[in-house]
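Heads up, there are several structures right after this.
Shared between the two complexes below is chain A, which has chain B as its partner in the first and chain C in the second.
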Partner chain A sequence: MSLWKNIRRHRLAYLLILPTAVVMATIVFYPLIRGVLISFTNMNQYNMGSRFVPASYRFVGLNNYLRVLASREFWDIFIQTIIWTVTNVFFHFTIGLGLALLLNRRLKGRAVYRTLLLVPWAVPTYISAFSWRWLFNSKYGFFNLALKALGADPIPWLSHEIWAMVAVIATNVWLGFPFMMVVLLGGLQSIPKEMYEASEVDGCGPLRQFRSITLPLLKPVALTATLLGIIWTFNMFNVIYLVTEGGPHHQTDILATFAFIEAFHQWRFGIATTYAVIILSILLSFSFFYIRALRGSEEIY
Partner chain B sequence: MRRERHTWLVHLVLVICCLAAVFPIIWVLSTSFKPEPEVFSDRLNLLPDHSTLENYRHVLTMKDGVFFIWLRNSTIIALITTVISLFLSSTAAYAFSRYRFLGRRGGLYIFLIAQMFPGAILIVPLYNLMRQFGLLNSFPGLILAYATVALPFCVWMLKGFFDTIPKGLEEAALVDGLSPLGTFYRVVLPLSLPGLAVTAFFSFITAWNEFMFAFTFMSREKLYTLPVGLRQFVFQFQTDWHLMAAAAVLITIPVVIFFLQAQRYLVAGLTAGGVKG
Partner chain C sequence: MKQIILLAFALALLLTSCGGKEEKAEGPTVLKFWHTMNQEETITLDGLVETFMAEHPEITIDAQVVPFSDAQNKFKTVAQAGDAPDVFRAEIAWTPEFAELGFLTPLDTLVSPEDQRDYLPGALRYNQYKGRLWGVPQVTDCLALLYNKRLLQKAGVEPPATMNDLVLTAKKLTNPGQGRYGFFWRGDSYWLTPFIWAFGGGLIDEADGEIHINDPGSVQALEFYIALRDEYGVVPPEVDFANDYENMLVGFKTGKYAMIFNGPWATADILAGEQFADPGNLGVTRIPQGPAGYGSPVGGHNYVISSSCRNVPAAYQFINYLNRAEHQAELARRNNLLPTRKSAYELDGVADNAIIQGYRHQLEVANNRPVIPEGGLIFVDFTPNLQAALNGKMTAQEALDATAKAWEQLLER
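Right after this comes the complex of A and B.
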C-alpha cells in the first residue's frame, strides 16, 4: 500500500488526533523548542520584550552552558539532586515493598490499613508541604515541642543545611511511599497463588519463595515504577519550594527548583532554560540507558 | 495459602505506619481548632484546650470572602480543564486504539516522552508566550496549560480502556448503518464510562492541585487559585499558621474523601493502560 493511500484510508484517525496534536504542538513542543533557543541567549526580565516593547536580548552561543557547567553552584546542586533522588526513591521503594508484602496476606482490618496508608497520596501536595513546614516550625512546630517535652534540645530544622535536607526528604518520603505500595501490591496480587502452593509442596521455605518467586515476578512492575519514581522525584518542585524554598542558601535546592528560582526570583531566563535543558538531557539519557539495561535483563527469562 | 505467623507483629508495624501516615493531617486538624494563643504556645498539646471555630470564621470572612473567590477560581479552572481534556484525550485515544495509521507508534512514544519534561523547561517559554498574547492573569491560559499537562497520561489510560472493548460491537453497529463517528459516540463511549470517569478524575485533580503554573501566571490576588492563595498564609506573613490549618482542612477533607472513593478505579486505570502497549 502506498504512503498516500495509507494516509487517505485513515483520514478519520488523523481527524480525531488533530485537536490533540495542535494543542500539544502549541503548549508543549513549540515552547520546548523555544526554551532550547532561549538557553542560547541572554534573555532576562528587562530585555525579553512585551506586547508594547520590542525584545532586545541577543544570541550568546554556548556561553550560558559554559558558565553553568563551570560554576561551583551547579555541581553542588547537582550532587544535592542526586542525594535527594536516590534517598527518596530508596525509601519509597523499601517502605512501599514492605507494606505491600504485609498487606498481601489475609489480615483482619486489611482494608482499613490500606485506606489509612493511602492518605498521604490523597492529600494535595501543597497542603502536605505546608503541613510539614508547620510541623518543622522551630518554635511552635510539633517536632521541637515533642523534643522539648522529652527534655532534648530543639533542632533548627529549616535553617540548618543538613537538617533542612532531612526535613524535605522526610516530607517527600511520607508523600511518595503510598504510590509505590499500591503499584507493588498490584504486582504481588497478580502472581498466581498456585506457584506458592506448588513450591510449598516442593518444600520451599518463605525466604526461598520470596527470592525465587516473588522477586523475579515482581521485577517488571518494580522496575517500571522505579523509573517513574526517579523521574518524578528528580523533577519534584512543589515539596522543596513549599517547605524550604530551597533554603538555607540553596542548600536544599535541586536542579528543578533552582531553575525556577533563577527564572522567577532572579529573572535570568537564559540561565534558567540552560538548567532546564540540562535536566531534560540528564533524564532522557538516563531513561534511555535504564530501558536498554531493562531489555537486556528481560532476555534471561 | 500462606501460613499466618507473627500476626501481632504485623499488626503492630501496620498500626505504627498508619499513625505516621495520618499524623501530620491530625496535627493540622488539631491546630485548626485551637485559639491563636494555643497555636503559638511552647507547650506540646495534642488536642486543643478550648476548641474554637474562630480560625474557620476568620478564613471564610477575611478580605470580603477572598477564600470563596479562590475556591471559585480553582473549581472553574479544574472543571473546564476536565471537559477539554476529556474531549481531546477520548478522540485521540480512540484513533490510537482502533486505527493502524502512519505515525501511530511514533505518536504514542511522543506522549510518553512528553511526560518526562520537567515543568521547569516549559515554564519560561510558556510564561513568555502567555505574556506575549496577554494571557497572563487569565483563566484560558492556565486552563490550556493544565489540559495539555494532563493529556499524555489521559490518552495512554483511555487507549488502554478502549483496547479492552471488543471490536465486534462496533462492526455490528457499522453494519446497522451507523457512521464511524456515530459508533464511537453511541457504542464505544457509553461502554467506557469507568475509563472516562478515571480520566476526568485525573484531569480534575491535576488542575485542582497544581501550584507552579498558577503561581507564575496569576499575580492578581482575585485570580489566585487555592494553592497560590494558601501560600500567602505561609510565606507572606509567616505567622498565620492557624489560618493555614483551617483553610487546609476545608480544602483537604472533600478531596481526600473523593480520592479514597476513586483511587480503586485510578489504580485499575493505571494497570489497564500500562499492561496493553
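Right after this comes the complex of A and C.
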C-alpha cells in the first residue's frame, strides 16, 4: 500500500502524530542533517557569515574526516575513551547490582539507605567534581593526608597519566552507580515472587535462583540500563573537564572533551560536526550490535 | 493551567517590548552595557553608572553582569545576529577576534590624542588591530614577583634581580625537610611566558605570523624552568596540575613558599593570609631579568563599542566617563585593579599604594601577547605540552616543537 493511501485511511492517527513529527523534524532531524552537511565544509567563525560579513565557507569533501582520523592523537584518545567507558560501566553495573540486591531484601531502614545512596546522583555534578578534585589534591587532599598518616608515600593523583585516569574514573563511578542501582532495583521488584517460591519447592539454593531466575529476568532492564550507561559515559564531558581538564597532557581526555578543545574554542564548525558525526556513528553501530547480541533475552518471558 | 496563562502573558509582554525597540531611536538613548566584573567590582562600577546617568539624563545605561566564562561566546552569538550590547567589557584577547569578525566599531577618531598618550602603551596595544583602534583599555594586569619580605629578611637576602639570583636566593629559602621552598612554579604555560621572554624566546610574531615558541631561547627557558626543580631543587618536587594555583596561594599565604609569580587579581586573597596580616610584608617587584632582559605577560580588559550600536558618540562618552583617571583610581583603591592611565597612578590612594606601584614598575617592562584573533587560544595547546615536559614525557625541545605544530594549525584559517 502506498504511503498516501495509508495516510488517507488512518487520517486521524496521522493527524495526531503530526505535532510530534513536526517538532522532531525541526529540532532533531533538521539539525542532524545540517550538522552532517557542515562536516563536509570548512565552516568556522570567520567564514560562516553574519549580518556584517557574507558567508564564504566552501565544500571540502572528506578532508575533515581524513584530518581527524589520520591524527595519532585521535586514536590515543579513542582508546582512552574505550577504557574510560568500559571501566566505568563495569563498576556502575556491579556496584549498582550489588546494592540493588541488598536493598531488595527486607532490611531495617531500607528507605533511609535507599535515599542516602541516591545522594551522589542528586548533588550537582560540578559540586561533586570540584570536591573530588580537592580530595585528590596532592598536598592538602584527603587521600594523600590519609596515606601520609599511614606512613605511605603520597600519590600524584591528578598529574600522573595512570593515577589521573584512576581518579576521574573513581569520581565518575561514585557519581554514576545510583542510577544503575535504582533501575536494577526496579527490575528486581518486577520479578514475580511466585518464581522464587516455586524454585524453592523444587529445591533450588539462592545461588541457583540468582543464576536461573534473577539474572535472566533482569536482562531486559540491564540491557537498556547498560546501553544508556555506555552512551552517557562515552559522552560524559563534565567530570573530566572539571576534575583534570583532560590533563596531564591529554591523558585523561575522551573524545567528547577533546573535540570540545579542538573545535569549540574557535567555533570551527566543520571540525566540530565531524567529531559529532564520528561519535554518533560509533555509538549507533555499537548500540546496533549490542542490542542484537543480547536480544535473545526477550524470549524468556 | 495557571502557569501556562502566566507564561503566555509574559511572552506577550516580551514580544511587545521587543517590537517597541525600533521606535526608540528618536527619544532618550538607552545603552546596553555588558560587563564581567566580580561582585565587589560591580558595586564600585554601579556607583559610577549611577553618577553618569545623573549627569546625563538623556542617556540611560542598562548594565548587565555576564559570567566571564560565558561572555565571549554569548557576545559572539548575539553579535552574529546583529543584536550585540552597545558597550562591552572585552578581555584583551577577544578584542582582535571581535574586530576581525566585524562586531566592533573603530574608535580612532573618538579617542583624543591626549588620551591615547595617557594610556599605558602595553594596555593600549591590545586595542590596535589592522591599523585601527577598536577599544580603550579599562584595566591592565601582569605577572610580577611576589615575595614574603620577612622570610627574605630572615635569610638575609634581597629579592633576586636576575635569573641566576633567583636560583641562589631561592636556594637559601629552601628547606625540603620542612616543606619550605624558595619558589613555586605552575604547570600552566601562562606562568612560563616570563621565562620565555627573559631567555630571548618568543610566542608568535603578529607582523609575519612566524612562530617563535620553539626558538633556542624558548627551549632554554623551558629547560631552566625544569632545572629549577630537577637540578636546583628550589620548587616542590611533586606536581599537581589541576590544583597548583590553589596550592601555590595556600603555600605562599602560610609562608611555605617564599616567592611566587602572580597578578593583581590575587591581592585581596593573599592579604587575607596569615603571613600578610600586615600588608607591608607583601613585596611586589619585577620578575628577575634573564640573558635577554625582562619578561611578563600583560593582560586586562578593554571597553569596546559594538558595530550594532546606534549612538556611538553617547557610548564613547559613557566609557570615557568610566575610564576617567579618578574613576580608575577608585577601582584601584577599592578593588586592587591596575589603572590603564598613567595619570591615575599619581592620584591619592594609588600613588602611595606599594603593591599597585610594584605592579606598575613591572608593567614598564612587560610584554604584549600577540594581538591576533587567536591570541586567547595559544595557551590551550601550550599547557598540555608543558605538562608533558614537566612529567618527563617529552624533552623541552619536543614539547615546544609540538606546541609550534599545534599553533600552525591554529593560525590557518
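The definition used in the following text is that the second predicted complex is superposed on the first by the 260 of 301 C-alpha atoms of A that agree within 3 Å, B and C clash if a C-alpha of one lies under 4 Å from a C-alpha of the other, contacts with A are read in each partner's own complex, and residues count from 1 in each chain.
Methods note: a residue touches a chain if its C-beta (ideal position, glycine included) is under 8 Å from a C-beta of that chain, and two chains touch if they have at least 3 such contacts.
What you are looking at is a predicted structure, and each value in this text was computed from that prediction instead of being measured.
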| item | value |
| --- | --- |
| Three-chain arrangement built on chain A, chain B and chain C clash or fit | clash |
| First, second, both or neither for A:S159, with chain B first and chain C second | second |
| Which superposed partner A:F74 touches (first chain B, second chain C, both, neither) | neither |
| A:F93 touches, of chain B and chain C: first, second, both or neither? | neither |
| Partner chain(s) touched by A:L107 [first = chain B, second = chain C, both, neither] | first |
| Contacts of A:F40 with chain B and chain C, given as first, second, both or neither | neither |
| Touching partner for A:H249 - first (chain B), second (chain C), both, neither | second |
| If touched residues of chain A are counted for chain B and for chain C, the larger one | B |
| Touched partner set for A:W84, first chain B, second chain C, both or neither | neither |
| First (chain B), second (chain C), both or neither touched by A:Y140 | both |
| On chain A, positions contacted by chain B and by chain C | 50-51, 133-134, 137, 139-140, 245 |
| Touching residues (chain side chain B, partner chain A) in the complex | 1-2, 4, 7, 10-11, 13-14, 17-18, 20-22, 24-25, 27-28, 31, 39-44, 87-89, 91-92, 94-96, 98-102, 107, 110, 113-129, 131-132, 134, 144-145, 147-148, 151, 155, 180-181, 208-209, 211-212, 216, 227, 230-231, 233-235, 241, 244-245, 248, 251-252, 255-256, 259-260, 263, 267, 270-271, 274 |
| Touching residues on chain A, where the partner in the complex is chain B | 3, 6-7, 10, 12-14, 16-17, 19-21, 23-24, 27-28, 30-32, 34-35, 38, 48, 50-51, 95, 99, 102-103, 105-109, 113, 115-128, 130-135, 137, 139-140, 142, 145-146, 148-149, 174, 178, 182-183, 186, 193, 196-197, 206, 224, 231, 234-235, 237-238, 241-242, 245, 255-256, 259-260, 263-264, 269, 272-273, 275-277, 279-280, 283-284, 287 |
| Of all residues in chain C, those that touch chain A in their complex | 76, 79-82, 100-103, 187, 238-243, 246-247, 250-251, 307-308, 373-374, 377, 380, 383-385, 387-388, 391, 393, 410, 413 |
| Partner chain C, residues of chain A touching it in the complex | 44-47, 50-53, 133-134, 136-141, 154, 156-161, 243-250, 261, 265-267 |
